[in-house]
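Following this line, the structures themselves.
In what follows, subunit A forms one complex with subunit B and a second complex with subunit C.
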Partner chain A sequence: MSARVGVVVFPGTNCEHDTVSAFERAGATATLVWHTEERLGGLDAVVLPGGFAHGDYLRPGAIARFSPVMDAVARFAAAGGPVLGICNGFQVLTESGLLPGALVKNRGLRFLCAPSRVRVTSVSSVLTCGLAPGTELGIPVNHFSGSYFCDDRTLAELRDANRVVLRYVENPNGSIDDIAGITNAEGNVVGLMPHPERASDVLLGSADGLPLLRALVAAAADVHAA
Partner chain B sequence: MRFAARVEVLLRPGIADPEGATIERALPALGFHDVHQVRAGRSFRFEVDAADELTARRRAEDLARQLLANPVIEDSELVLTVQAPAGEPS
Partner chain C sequence: MSSPDAGEPQPAPQLEPQPLPLHRALGLTDEELGRIVEILAREPNQLELALYGVMWSEHCSYKSSRRHLRRLPTTGDRVLVGPGENAGVIDAGDGIAVAIRIESHNHPSAIEPHQGAATGVGGILRDVFTMGARPLAVMDPLFFGPPDDARQRWLVEGVVAGISSYGNSVGVPTVGGELTFDPCYAGNPLVNVLCLGALPVDRLVLARATGAGNLAVLLGATTGRDGIGGVSVLASAGFSGGDDAKRPNVQVGDPFEEKRLIEACLALLDAGLVVGIQDLGGAGLACGTSELAARGGVGLDVDVLAVPRREPGMAPWEVMTSESQERMLAIVVPEAWPAVDALCRRWDVRASVIGTVTDDGSGVLPEATGHGDVGGSSSGRLRIFDGDAVVGDVPARSLADGAPVYDRPLREPADLASKRADDPTASEERGDCGVELRTMLLDPSWVYRQYDHQLFLNTVAGPGGDAALLRLAGPGLPPSDRGVAVTTDSAPRWCAIDPRAGVALVLAEAVANLACVGASPVAVVNCLNFGNPEHPEVMWQLSETVDGLAAACRAFGIPVIGGNVSLYNESTGSDILPTPVLGVLGLVERLRHRPPPVAVAEGASVVLLGCRRGPGDLPRPLGGSRWAVECRGRRHGELPPLDYGAHERVTGFVGSLVAEAVGGGAGAADGVAGQDLLDGVHDVSGGGLAVALAEMAVTGDIGVRVEGIDGHQELFTELPSRLLATTRYPDELCARAKEAGVPAEVIGVGGGDRFVVEELVDLPMHQLARSWVRSLADRLEPV
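Now for the complex of A and B:
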């Protein structure tokens, strides 16, 4: 049986069906998980997809962190389960404290919806494991608050522990150190602003996101087998 | 007692404030050449029931720190006033 990936749906999430479809293309069985769920029974990986959870009120991700499912996601992460936050999902992970730092408004106050190129800068994560370091991928971005920020000490920690998993080739939003995606110390929780699910088929203009999704599915399969 | 709280949340100094900068850039067109250092933030108002001002202040500051501001990027400032003394209907 293939790995089971749960895609969390908050009120205002809008990328869940694309994400389910992309993960199925990557070989997983993907299902939607409503944000009031208190258990993630039977899942091998959890994905927080893009959108505007709870209307992005207060700050993106600030209210989503109180959804009942987030306690279950935190337990799942603490037990070593693979957790991926894409775009708004990344914002939810930082607001929840599952990843350090914050996503602030883009440099120039521009909403960005554009192709972007990212480079794999660490393969020590469930999203990049198995890829060749330095690989460049074409994956689109679609955000207003996507500029990654953290204090100097956190940035030094991220760099020293090789936790910056993706960097923009050309920084589109003012992110500190060109950061497009990071992981936690254990490598099982990853957040990124670009949308790999929107680059999961050549028909979409790029299939460069598939290797990332497949890496997560492989990590989920390991959980499944354990 | 009931206290009225106003919490102002601003980006911490040193963190880019593109909203404030954009507003500031628009000012010369309106003739406001004498206005500088524009910063954009948010203001929240709420009421707190507490036995005394110190307790009310602590509760409001906890709320500001845990939810209204993101301490990674924002500072918050609290202004607290007595709205209804004990014994009076609020």
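Now for the complex of A and C:
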């Protein structure tokens, strides 16, 4: 049986169906998880997809972190389960403290939906495990608050522990150190601003996101087997 | 929302005292008041007068345009729902229907660009999901004055940010649009918005109330004083300075509320819990209640006390005419109410029973024939209650369909003949074609990069190309291999010269754009943006446009399935150019590969398909061209002729080649496979061959050398029915063109780092690319 990936839906989330279909393409069985759920019930991986959870009111992710499902996600992460936050999901992960730093408004103060190229800079994570370091991938971005920021000490920690998993080849939004995605110390919680599910079919312009999704599915399968 | 320099907050519009008689303050004429008295057989009270004021506004009633719109062809094999409903619907095959609608939000955007544009998006989405369709794509044709002054830049920034913030957040991709600058829009910008949605055919619902005893349920946001009089005060009058006072008439949008409303309504429809549903947009509850009742031939009792309010002290007339956004009115059988309530709670959507369907009027309704029969006592009545007290009682149909239909005087402009004679083709000399070309380049990415154009994983060809091409897929739809294409087109500079011929050329361009992505046209929606209908020349423009569009639709065999008319686009007495905007929907049978890009490829031949000269070898006309208007300031002359047969041959040829490429078919038995034959394709339109070639070169990031172009007239003419293809198999392409009766000629080859049109243009590619990339950013973000 294939790995079971749960895709969390907050009111205002809008990439949930895209994320489900991309993960199914990557070999998983994907289901939607409503934000009021207090248990994750036998999932092998959890994905917080893109969108505007709770309308991004106050600031992106600031209200979503209080949705009941987030306690379950935190427990799942603490137990070593693979957790991925894409775009708004990354914002939710930083707001909940599952990842350090914050996503601030883009340089230029405009929304940006554009192709981007990222380089795999660490393979010590559930998203990049198995990829060759230095691999370049074409994966689009779609965000207003996508500029990663953290204090110097956190940045040093991220660098020293090889926790910056993806960097932009050409920085589109002013992110510190060209950071596009990071992981926690254990490598099982990953957040990234680009949308790998939007790069899951050459018909749509790129399938470069699939290796990342497959890596997560493989990590989930390990959980499943364990 | 009060203007910052007004000091005190703007009070809500007061019904009394008024310097004008009340009916005139509400936008009604003395004759219209007389007619209301006739219908009611008594004087209307203030509430009733307010209802008629909004429902009989130009915006809601189409009273000036209705008699003309009847001339448009509206039927076809695929048409499931034609004009008159919230959206037109066609059968796309595989059990999927596509709903499409276009609207304007011009006047609100002129007053408050961010909210005006944002609520335009919100409104059109509701029109589409009202039909049971999930909104899948939005397009935004925008028209502003030249961005060389701060106010225009403020408008552009605000409108684009409004569309971006609302559309992105509500979760519907914006996949295309248009951007036009002309001084005529400086005082009255145009913000049109098109939405396309899809639904399983069997989920199609119509906006009508049925079944006495059924409940009217208000869904969504609370009702406040925002947007009162939006349709009458704002949308049905021109601008004349001091218009900041109209800012309270602009609604304020909340995309998060709308997102939950979409999900809740689609879930209600999926569960079969509603018998009819209508969005509340312009004219608010007045419109929603009267249209639901009139279409269903029933009556409706509505209690304004049951309407959840955003602010205290609202009078019944304010509740009924508020244009507060993100609200829907559903008709529900009483037994279904608990399930409806529970489902709405899940999505945090407010649901309140505010009324009851009364008599069902079965079999006793008089047929609507226009004037006179709308007040019949057998027609359902709309009764407004304030608790127990009846505060208004009018025949529902008299509001929805009873507005007078005006036959406004129309007059051909007196100087028409002299303007047509003033043609730039012969009199304007050639200049530096390279310099002129560079001024005409415009990269719209500054705009569309701010829009999410990829959500739903359907966008195969997004903004910036000839037409958007989407997979026909979405949550809840049956699986399908098909694609759907959509384009919006307009050319006010053509329509100003000749509205009848101009709009036909616009439709021809749209058909060519669809061909570039392999789609066959199946339906048209139109947004007719015009000036003041009380000016006979404007009514002439409107009438000519309708006739031109009707003829072109018949010639191409494409029905009009919906539309919108926006009048009173004028400021300080000056009308905008006639601006019909067409949204054309096309279908692709099988979508498996990406269509050829708008690009030149290294070593590929550039082939011009279609006639290089007009029928009868007419001189290549420049009247109405971007070159004449923008480079030489010449707005008059003659438009190039359109030969429908030749146009259908060339667009049919290109369309079938591209369809072969995207469908992954085997192609001709002994020839080159479809997906290999074309490396690039683009239609020749605004700016002529020069701009089309430059766009292909810049996008392909490769130089091009073209020869044999006969002077600046052939370089810049906008003669229709021509497309450019790039191919590594020019002989094969030309042979197949010949078989199809399409003229084809190799005019150049891709390669190198210069853009060369022999004897006319020779520019380094980096210069051309810079003109393209910086065109908009430099003007919108001056240092």
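Quick notes
As a working rule, the second predicted complex is superposed on the first by the 226 of 226 C-alpha atoms of A that agree within 3 Å, B and C clash if a C-alpha of one lies under 4 Å from a C-alpha of the other, contacts with A are read in each partner's own complex, and residues count from 1 in each chain.
Definition applied: contacts are C-beta pairs under 8 Å (C-beta built on N, C-alpha and C of every residue); 3 or more make two chains touch, one makes a residue touch a chain.
Everything numeric here is computed off the predicted structure, so don't read it as measured data.
Applying the stated contact rule after C-alpha superposition, one finds that A:R117 touches neither subunit B nor subunit C. When the two structures are aligned on the shared chain, A:A102 is found in touch with subunit B, with no touch to subunit C.
Once the two complexes are laid over each other on the shared chain, residue contacts for A:P140 go to subunit C alone; subunit B is not touched.
Applying the stated contact rule after C-alpha superposition, one finds that A:Y57 touches subunit C and leaves subunit B untouched.
With both structures placed on the common chain, the touch criterion links A:F149 to subunit B but leaves subunit C unconnected. Taking subunit A as the reference, the larger set of touched residues comes from C, when subunit B and subunit C are compared. Contacts of A:H224 after superposition: neither subunit B nor subunit C is touched. Touch criterion met: A:D201 reaches subunit C, while subunit B stays clear of it.
In the complex of the two chains, the subunit B residues touching subunit A come out as 11, 15-16, 18-19, 21-22, 67-68, 70, 72-73. Those residues of subunit C that touch subunit A in the complex are listed here as 161, 164-165, 168-171, 254-257, 259-260, 347-348, 448-457, 459-460, 471, 474-475, 591-594. On the subunit A side of its complex with subunit B, the touching residues are 58-59, 62, 94-95, 100-102, 104-109, 147, 149-151, 174. Within the complex formed with subunit C, the subunit A residues making contact are 11-12, 14-15, 17-18, 21-22, 51-52, 54-57, 110-114, 140, 142, 144, 195, 197-198, 200-205.
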